[in-house]
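What follows is a pair of complexes built around chain A, which joins chain B in one and chain C in the other.
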Partner chain A sequence: MGELVTDKHVKYILSVEKRKDDFESVVMEHLRMNGAYWGLTALDLMGKLDVVDVNEVVSWVMSCQHDSGGFGGNVGHDPHILYTLSAVQVLALFDKMDLIDADKVTNYIVGLQNEDGSFSGDMWGEVDTRFSYIAICCLSIIHRLDKINVEKAVKYIISCKNMDGGFGCTPGGESHAGQIFCCVGALALTGSLDLVNKDLLGWWLCERQVKSGGLNGRPEKLPDVCYSWWVLSSLIMIDRVHWISREKLIKFILDCQDKEKGGISDRPDDAVDVFHTYFGVAGLSLLEYPGLKPIDPAYALPVDVVNRIFFKK
Partner chain B sequence: MASGSSEVEEEEQERVMLRDRPEWADVTPVPQDDGPCPVVPINYTEEFAEVMDYFRAVYLADERSPRALSLTAEAIHFNAGNYTVWHFRRLLLESLKVDLHKELEFIERIAAKNSKNYQIWHHRRRVAEKLGPDARNAELQFTKKVLSVDAKHYHAWSHRQWALQALGGWEDELDYCSELLEQDIFNNSAWNQRYFVITRSPFLGGLKAMRESEVLYTIQAIEAYPENESSWKYLRGLYKGETTSWVNDPQVSSICLKILSSKSNYLFALSTLLDLICHGYQPNQDFRDAIEALKIPDLDIQDLDIASMICSILEKIDPIRVNYWIWRKSRLPHVAQ
Partner chain C sequence: MHGRPRNALKEEDTAALSAKAEKLRSLQSHFLANHHNRIYTKEALEGNAKLLENNPEWHTAWNYRKLAVESFLSDSHSDPETVKSILDEELRVVENALRKNFKSYGAWYHRKWVLSKGHSSIDKELRLLDAFQKADPRNFHAWNYRRFVAALMKRPDEDELKYTEEVIGANFSNYSAWHNRSILLSNLLKRKAEGYFPKENVLEGEFELVHNAIFTDPDDQSGWFYHLWLIDQTVKIDAPLLVSSWPSHGFNITLQGNKCLHGSGLSVINSTLPNTGTLPIILYFNQAVEGVNSSTVNVKSELLSGNLVWKPLSTNNSNNAQVWVAYLDIRNLEVQLSKTYVVEISLGHSKGIVSSSGYDYGHPSRVTFELCIQTAYTEPVEQQEGKSNSWKDDDFQKFDHLQESEPICSADQVTSEIDHIPTTSGRCEEAVVNEINQFRDLLSEIDCKIGKLTLARLLTAVDSLPSSRANNMVNTEEILQLYDDLMRLDPTHYLYYKDEHSLVLLRQITSSRDSLLPYCHYKKNAIEAFAGYVCLRLQNLSLSRMGSIENLLWVQTLDLSHNQLRSIEGLEAMQLLSCLNLSHNKLGSFTALGPLRLLKSLKVLNISYNEIGSHSIDTRRYLCSSPLSHTEEFAWDQFEIFAGSIGISAATFWEPFLIFQSLNLTELDIKGNPVADENFRSFLVKVLPTLKWLDEEDLS
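Moving on, here comes the complex of A and B:
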């Protein structure tokens, strides 16, 4: 088994947006804020955040904010809750929380909560448990969780719980590891994990590990490095991570590296991208791989950043 | 009236840059502002960049015109993931009173290339919502078409569940689930949909009314493929909130025994039996014989009670989750007296 080629991944992340005219750059344009979060968090976990110019990043992030308080995916793009969380997380990485007008961001998020407790992603109303997590995580980071109706928010999430112990995107939706992360994360951040059947959900989650050591997101699907984040962080939050094979999963993630040019892919020998590079590094961090900073499974930020937010205000 | 679909076809043949089209001569494009010293500068293809420059101009001027509608189609063609473009397109559909059935066709064409995109499905829902029950068949057909290519497509299932609840069409849904399960009995999405139908359809009377026939159906599925995680979970789900009926239903224990006696693909039969025992089920000698007959090599037959023996076997046959089974063993009510 190889090792994590940290220096190559750092180079890859820094180089990725310099490429021209390829498919990834076109589809990334509107979600550059997410890309920045993935890339920068991965750099921080590898201890290399200092290779980027803080002021450049921070001024760009701030220029994506709208009067409504929400952030767009790029300058001049409409605000969306997806990018608002990424923006707040990036500012937290750089210890620039003081630049956030917390009341404004709060107003934006509070306005997205629906009568049944669910959240819409933007003013046009797509509803999904992903947005419940994002709203709760974002407000928690800026110390304003009390400004939404937490009880209703939790009730909605619980209404998406299935008989297999997992969660879907809306009530009755199939259990999916990505949605489970969002629901378990939101419940963890609101102190409501007692509402989860941890043994049942833990069993479903650990059944996601397949022979190759990788994790899939649903039964009978292929393994994918991104689930080393979604499944693993959920298992940690419900205290059941020892139920899967750590060694096999580490091997799977390392096998997905491009050892020459850097970057991590979804499965061995596929093309790498920033998204999977982040999830691979974050997964390894959750598995306490040597040389990586620990990441918080609920906030999806390095533990030292979370500690700074809550203990050194 | 421009529906937006013809422009895309045009685009696929020979695309003319917007700056060379006379109908756009009066518009000054607004370039993307990447902010001061962009940290992740992205180089866009020239054509896409130009479309977005014109889009910004039209969007900022709030121009509700047929050419603006065509422009959104072009922008979507390049990148179907931009929330703002879709939003503006909906405003245009309304202002221009576009035939929304035509719009459904347009979405279908875009979805054919990019069906994993959240915005497309959201847009589809908003348009179908406007059409109301008129859209029922179109939505059921559309999702069926997507599912015929990828039967586990998460967005398609989610949309279909929404359509059933908002527009109706439950009548044939259980048959549709059976059809998909016949094609692939391991399709967890179809099992989930089946559960959705029996618990939520206004025509079937709910879980209790459906239990008897569903247990029979599921047991057949398990017999055919005992290694199927989904059918076992479904069987357990049929007794939701009624653990006692589950423990006491001879159909459940019998299928476990049957699979165990076959000595192949018995992992879930074994784990189900373990769950039953943990909830008070008393296995008879037949179960004991079946388990002893499994004769797992290197198994330490120190385990006197059947539950411990089951856990030991599971540790051997499911080594990747050995810690889970060790934990289960540690929690047994009477560990090896």
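Moving on, here comes the complex of A and C:
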């Protein structure tokens, strides 16, 4: 299986940033803000954030902000809570939180909370527990969590809990590892993990590990490197990560590397992309793979960044 | 990119792709220009539709359509034909986009949004869904949309339940269908719909249905979780109940002023008493509850001067907790020495104690114990101790037998004497026994992990049924064997089975006084202050997890050393604990010690030879109250008092500060952890002013 080819992954991430005109980049244009977060966080975990031109990135991020306070996925795109969190996370990575008008961002997010405690993704009203996590995580990073109704937000998330201990998008929705990360993460950030049935959910999550060592996102589905983040971070937050085989998962992620050109794919020998490169590196970080910075399972930011946010006076 | 092979592209493919990219880029820039200028011409909308076919995940492109629709609708003067044609066009665009990407959140939501504008042809939606769901029976977007449409149509749950049966009948390997079935059935059972009450009738048929799936292919997980849910539906008690307490019902306790708390013969030291002069009363429920207070818990005793204040023992500062404590203050009472006082606690007579899922306390319960105070309380005098506490084997002696009066209680005592334990229905037990037989049959044919695991769980469930208390724990040996087998059969999840194994073992050990006896020790040649108290030694049992704490509320000295514990979750309930040995375990962080913060009586702590400081990822971080989870403010004032003098920063020391700052230890052993260097030792001395011994070294 070999080792993590860090240098090649760094090169790959930087090359994606430069290739603006190939088909892949054009298709991804609408979520460039998410892409920036994935790529930059992966670089930081590999200790290479300093190769990036901070001012260039930061001024681009700020140019995606709207008067409403929300951020778009790219310049001129409509604002959405999905990109607002990524923007705030990128600024946190660079220790540029002072550039954020916290009240403005807070107003945007507060305006998206619905009467039942749920959150809409933007003014058009799509509701999803992903947005609950994003709202809570984002406000927590900018120290404004008290501005929303946390109790109702938690209640809504709990109303999406299923018979398997997992969570869905909306009440009645099927459990899915990505959705579970969002709900468990939101509960972690609000000190509400006592409302999770940790043994039941832990069993469901640990059974996501398949024979190849990889993790799938739902029963009887194929493994995928991105679940090395969604499943693993959830297992860590509920302290059940020892229920899976660390060695087997490390091997699976390393097997998904493109060792020549860099980058990590969903499964061995598939095409690589930034999304899976980030989730592979973040997964290895959660598995305490040597040479990587530790990442916080709830804030999805390096631990030193989180400590800086909360323990720097 | 999901599921696309990594092959290098051929030259002609590269050229084709780049042409495609150019075309898409031009569509994108045209669209953005139209969007920013609010141009909603036919041509502009066609371009947008083409763009969405290529990239249905672009929120902004859907938003543009919504704005266009709103503008058209306001111009339509509500003419039904015009409205219909506007909305039909949107449904068509969505359908095309979905055919390209069935998993697009944006496309599915746009469809919902269009329907919310008052579209009437909902029947068409179900037909469309049927086709989509045949093509991909696990698509969760389609299932979500199906629930949305069913609700909009007011389609009866019974009909949808039937649909899941058809889907499962066609192919049982469909977790999504089993999931939806659990949702629908929960609704029907909850509102006691016709034909769905009593639930036992329904569950019987469900068990049969899921057997078909599990027994056909035991390795297919589709039915596993549904089956576990059915077992839970069969045996669980919704209402909160008291499962144990300290003092236990019927106990006689003698207090010797500030010295001892003992039963006759052997005294039991409680350092809570000398230092605070209070006696903890612990209520342990079957699940987390709120609303425990002086109006829901009635305490009658001559010893009581005012109302007791009940506090939740919650490690995340929640008002919801499984264990609650109140402290009976006996310092300023004018008690008659050697007189026996009766304390009677009753709860459940009035409403107010509620579980987190909203159930009221089940049945009235009563706990009565007697208290005798032999000498009056005096201010504690500084104890002169010549040496630190020892946990060496040579210093301990096993008990030959336990006397009736010793304040040791086990599962058979703590639960049986609480009033009105409701017995689950005979049918419930019958159903579990039937399942046990079914899975024994399965295992006689095929050696499979789900068979063994389910059997172990069923046997555990039957042992826990209140009605089977008489022959309680008869299946323990078999359950332990099953988990041993599973550790070999499925090494990937080895520690899951080991954790379960540990829980079963602890249940067995704490089940009766006889089973506890081999683990109860007293100290030989101990110094006077610590003489003759019971030490529960659960060391070297290969425990990876702690459990059965409801049976251990009486313990004051606990030795859990030489196990494989990663967490001590639940230990906060042991309010009498004063000496704790956790050395030689696998505790990986300071946050793992979170429960100790609630143990006000803890004086002696040994956490030597653990893994604190050797892990970069902390698995207890969000299970411990802290500023990260907004459950606690960081005490900057207190931190800064000494942080400057030894040059430490909050970013690196907040975790040990959080834990140790709230402890009152006199002895701490922390050597053998990567974190414990000289710098750290000087931090400990500062943060723990009460400390007299550190790593067996006298600090005075």
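In this text, the second predicted complex is superposed on the first by the 307 of 313 C-alpha atoms of A that agree within 3 Å, B and C clash if a C-alpha of one lies under 4 Å from a C-alpha of the other, contacts with A are read in each partner's own complex, and residues count from 1 in each chain.
Keep in mind that, in the parts below, a residue touches a chain if its C-beta (ideal position, glycine included) is under 8 Å from a C-beta of that chain, and two chains touch if they have at least 3 such contacts.
Computed from a predicted structure; not experimentally measured.
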| item | value |
| --- | --- |
| Clash-or-fit label for the pair chain B, chain C on chain A | clash |
| Contacts of A:L286 with chain B and chain C, given as first, second, both or neither | second |
| Touched partner set for A:A298, first chain B, second chain C, both or neither | second |
| Touching partner for A:D269 - first (chain B), second (chain C), both, neither | second |
| Chain B versus chain C as contact partner of A:V306, first or second or both or neither | second |
| Contacts of A:H176 with chain B and chain C, given as first, second, both or neither | both |
| First (chain B), second (chain C), both or neither touched by A:T190 | second |
| First (chain B), second (chain C), both or neither touched by A:D164 | both |
| Chain B versus chain C as contact partner of A:W203, first or second or both or neither | both |
| Touch count on chain A, higher of chain B and chain C | C |
| Chain B versus chain C as contact partner of A:V52, first or second or both or neither | first |
| Listed stretches 256-264, 382-390 or 472-480 of chain C, narrowed to the one that overlaps chain B | 472-480 |
| Chain B and chain C footprints on chain A, overlapping residues | 21, 25-27, 29-31, 76-78, 80, 122, 124-126, 162-164, 168-170, 172-176, 202-203, 206-207, 209, 218-221, 242-245, 248 |
| Chain B to chain A touching residues, read off their complex | 32-45, 48, 52, 56, 78-79, 81-84, 87, 90, 118, 122, 126, 152, 154, 157-158, 161-162, 186-189, 192-193, 195-196, 199-200, 229-230, 233, 236-237, 240, 320-321, 323-324, 327 |
| Touch list for chain A against partner chain C, complex | 21-27, 29-31, 72-73, 76-78, 80, 82, 121-122, 124-126, 128, 140, 145, 150, 162-164, 168-170, 172-176, 188-195, 200, 202-204, 206-207, 209, 218-222, 224, 236-239, 241-245, 248, 258, 265-267, 269-273, 276, 285-288, 294-299, 303-304, 306-308, 310-313 |
| In the complex with chain B, residue positions of chain A that touch it | 16-21, 25-32, 35-36, 39, 52-53, 56-57, 59-60, 63-64, 74-78, 80, 122, 124-126, 162-164, 168-170, 172-176, 202-203, 206-207, 209, 211, 213, 218-221, 242-245, 248 |
| Contact set on chain C toward chain A in their complex | 1-6, 17-18, 20-21, 24-25, 28, 32, 36, 54-55, 57-63, 66, 105, 109, 112-113, 138, 140, 143-144, 147, 173, 175-176, 179-180, 182-183, 186, 220-222, 224-226, 228-229, 288, 314, 316-318, 320, 356, 491-496, 499, 566-567, 569, 615-617, 619-623, 625, 627-631, 634, 636, 649-652, 654 |
